[in-house]
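In what follows, subunit A forms one complex with subunit B and a second complex with subunit C.
Now for the complex of A and B:
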């Protein structure tokens, strides 16, 4: 289906799509106010599960992918109770420590071939699969966004104590988000392993996480499309400018992050950013914008 | 009439500080009960205890015969306790309608991932309920405005509408007229009475003597974390101990004659 693309372009496209899956994973946690640095740990779980199943058993690729997703989700569910007890910077550090513990375990264990990693993973990933996986993720995200569960998630992010007082089970909302984010990251890790054919513990470090966090923060947590479109836009921009891998890439990202955080501290998909614009548009369509005054007589007449 | 809310021997100590100490009182089903006292008397702590934000150090809180002392806030909300906050806690970047809809969370019957027509019908029903509540507090004109754009008095009313959206049996109002002028607080008084007329029991914490005297059926006075007295809304001001408690504190304006208002 995508054979007409040059191999290099195809490789970049696949990279961007898998990165998008990681962006979605981090976005899901940010959406409910969880500052988790654990996604690379879950990606490692997914990548190694898929790699071990593919190289040591005869099971098909689909089984490995499913096992990777489920196992990452289960480990996420085990991590959730301790991590979700923490707040702010402590949550970030706690989740990072747990995630790095996974990577360290992989590095010292013979079962995972230690620091050498696993090679010879069959190439199974086609661009079509990635698009299907992302499409499924987008549909689920949009349904969540529109449902009352999405509204509850937003309430939890904005003010968990008030959300609690309105009957929202804050822990459950966060647990569901954290566990699904872990499963998505595991899925992304498995797909990545089946694309690059070689994995090692070192690739699940900070470098990728920083890029993913930049996309998610700059994209904002108003809507999932913010981070996703930003990921695609920046990837295209980077390839057009031909700066990929050079120091210019880091400089551009750094400048972008600073500028956006100054102009829009809540990211680009933040609604209040467009409030002025919305009002101007509204004013144009209706000559008298709705007045905001105290309708005192209304209350008095009741 | 039976007691809806009963506190017996409730204490909350923060280290050596006895914020609430051996407090017992009951709120009858269908009543408007006032909870007053000088600043620092422990009124907000009592509200936080009843709504589950704090766990009592000792004593029990009973709601309609069930011990609810250990319940988390979301369980209490499900049991029918709603509240407003002394320092407004609205979702600032959301619209009035969205704020009230979040209060409807417990009333969504359907499954989380329902889609298509069922979901749309339920959303429409919930929007309708929210709209009625917003109309009731007189904010229909600003229903789609962000809360951050509203005046202080209007935001207080959004909080009341949002609390009512949870369909409570017991409504805890923590200083709903703080910072309001006389006309505004009179409107809040009428609103409280109309909410009560529908059978919602109200616990009203306020410094506004006029409001408390006019709307409350019963008044509990707290001082230094203890119940000073409990009386009818007019008798309570005759009590020497109440006068001393207020005059001895920094909150002198609170004991101006009832008709002085604020």
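Now for the complex of A and C:
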């Protein structure tokens, strides 16, 4: 269906779509306030599972994909209880340790072909599959966003104790988010393996993590459309700029990440960013901070 | 016995790394993911100095200053504005990851991803023979430096005015500022010291391996974190002991189990400690987990 596009453009398109899937995975964990650096580890699990199944067994591609997603989800579920108990920086470190441990295990094991990676994975993934997969993901995301779970997730992110006090099972919300994010990352890894036909342990390092995090953080926590649209926009921008070679891209992404964090620590879809802008557009003067003399109703109606 | 000594030797590098990182964590509550790259830059600066013909102690100093200044710049231009905006915790982590990526890429481009040879002359190389065991000289010097650094830090923090300022800021930043302490200066000093200490570790590692590349530091990053998690975040004593323990465990694991496990040890320790006793051996019991 997409044969009218050049192969290179098609490849870029597929890469962008797979990247979107990874962005979705990270976004899900961010929605509930989990600072997990583990997605690359799960993507590695997914990629290698699919690769091994494809190259060493006769099972069809769909089986490999399913196995990859499920295995990544299972590993996520296994490590969720200890990792989710941690908070803040400890969680970041713990998840990073988990991801790196997975990658190192892959690198030193024989049956994953060690540091050489696996090549010759059959190209099974067509663009249509990716679009379908993403469409399904978006539907599920939107349903989740509008459901009780979506609201519970937001509550957990904003204030855990209050959420707990309101009767939300915080652990269950985080567990579901973490595990499904792991499964999605595994699926993305598997799809990528089948698209690029070669995988090695080194590709699951910091570089992709930074890119994905840039998109997720810049896109913001409010709605999944933020990071997704941003991913598409920036990918197109990057192709248009034709910044050849990986050096400048990495530097630009690193700088962009830092700059965005400085300007908008909560992401670009954070309403408070635009508050000043909206006020000015509506013609009001910038608000003075509420003083102790003003009654509460007057402040609220400003 | 020989293995224990080897382990202590390896551990002394880790200890020195840990001391720097724990200082920054204890005072600022920040884990600097760019730490490894900063120390690699320090090693390269020392390499450049050595190539210019400068004597070894001067080259080490050059490396220390470079890494220290780089750390301070990171704090001034990236972390301090984030603090001013009261950014959420993960912003700091991600920001330092972003900076690490930039530093790595610049270094990789500059060195064309080649591994450079690091000259060994002037460094204490070779080994002592103590009670029949082979004790590598370089590591003994490093351990000595680590211990001296710890003692100096303890003296500085406990007996000097500026050290008191650091402790005040670590305890409660706003109160310290109200009392007239320049917290930004305190942060800068801590970052400088952390960077300088890490550079020393990096330089000695480069000397013992006789080479250095843009990715030399990467393996050390998680080791540094493992050290401070094991020893307790915020405790200098814990960092030293944690580093030594980690070194010994690593050496024993590789010799008795399998050499492939060397890299896993750090991660395994991080995970195990975080699950069982997040405050580590000597750390304060903070709300690390529910």
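By our rule, the second predicted complex is superposed on the first by the 251 of 302 C-alpha atoms of A that agree within 3 Å, B and C clash if a C-alpha of one lies under 4 Å from a C-alpha of the other, contacts with A are read in each partner's own complex, and residues count from 1 in each chain.
Note that in this section a contact is a pair of C-beta atoms (placed from the backbone, for glycine too) under 8 Å apart; a residue touches a chain by one contact, two chains touch by 3 or more.
Computed from a predicted model, the values in this text were never measured in an experiment.
**Student:** For A:108, using the defined touch cut-off, is the partner it touches subunit B, subunit C, both, or neither? Pick first, second, both or neither.
**Tutor:** second
**Student:** Touch check for A:236: first (subunit B), second (subunit C), both, or neither?
**Tutor:** neither
**Student:** Go through the superposed model and pick first if A:155 touches only subunit B, second if only subunit C, both, or neither.
**Tutor:** first
**Student:** May I ask you to decide whether A:62 touches subunit B, subunit C, both, or neither, giving the answer as first, second, both or neither?
**Tutor:** After superposing on A, A:62 lies clear of both subunit B and subunit C.
**Student:** After superposition on the shared chain, which partner residues are touched by A:78: those of subunit B (first), subunit C (second), both, or neither?
**Tutor:** neither
**Student:** Tell me which partner A:98 touches in the superposition: subunit B (first), subunit C (second), both or neither.
**Tutor:** Only subunit C; A:98 stays clear of subunit B.
**Student:** May I ask you to decide whether A:136 touches subunit B, subunit C, both, or neither, giving the answer as first, second, both or neither?
**Tutor:** neither
**Student:** Please name which positions on subunit A make contact with subunit B in the complex.
**Tutor:** Within the complex, subunit A touches subunit B at residues 143-144, 146-149, 151-152, 154-155, 158-159, 161-170, 270-272, 275, 290-296, 298-300, 302.
**Student:** Quick one: which bits of subunit A touch subunit C in the complex? Just the residue numbers, please.
**Tutor:** 35, 37, 82, 85-90, 92-94, 96-98, 100-101, 104-105, 108, 206-207, 209-210, 213-214, 217, 246-247, 250-251, 253-258, 261-262, 265-266
**Student:** Touching residues of subunit B toward subunit A in the complex: what are they?
**Tutor:** 51, 53, 72-74, 77-78, 82-83, 85, 89-94, 98, 101-106, 108, 112-115, 119, 123, 126, 136-142, 144-146, 148-151, 153-154, 157, 162, 165-166, 183-184, 187, 190-191, 194
**Student:** Taking the complex as given, what residues does subunit C use to touch subunit A?
**Tutor:** 29, 31, 78, 81-82, 85-91, 93-95, 97-102, 104-106, 108-109, 222, 225-226, 229, 260, 263-264, 266-268, 270-271, 274-275, 278, 287-290
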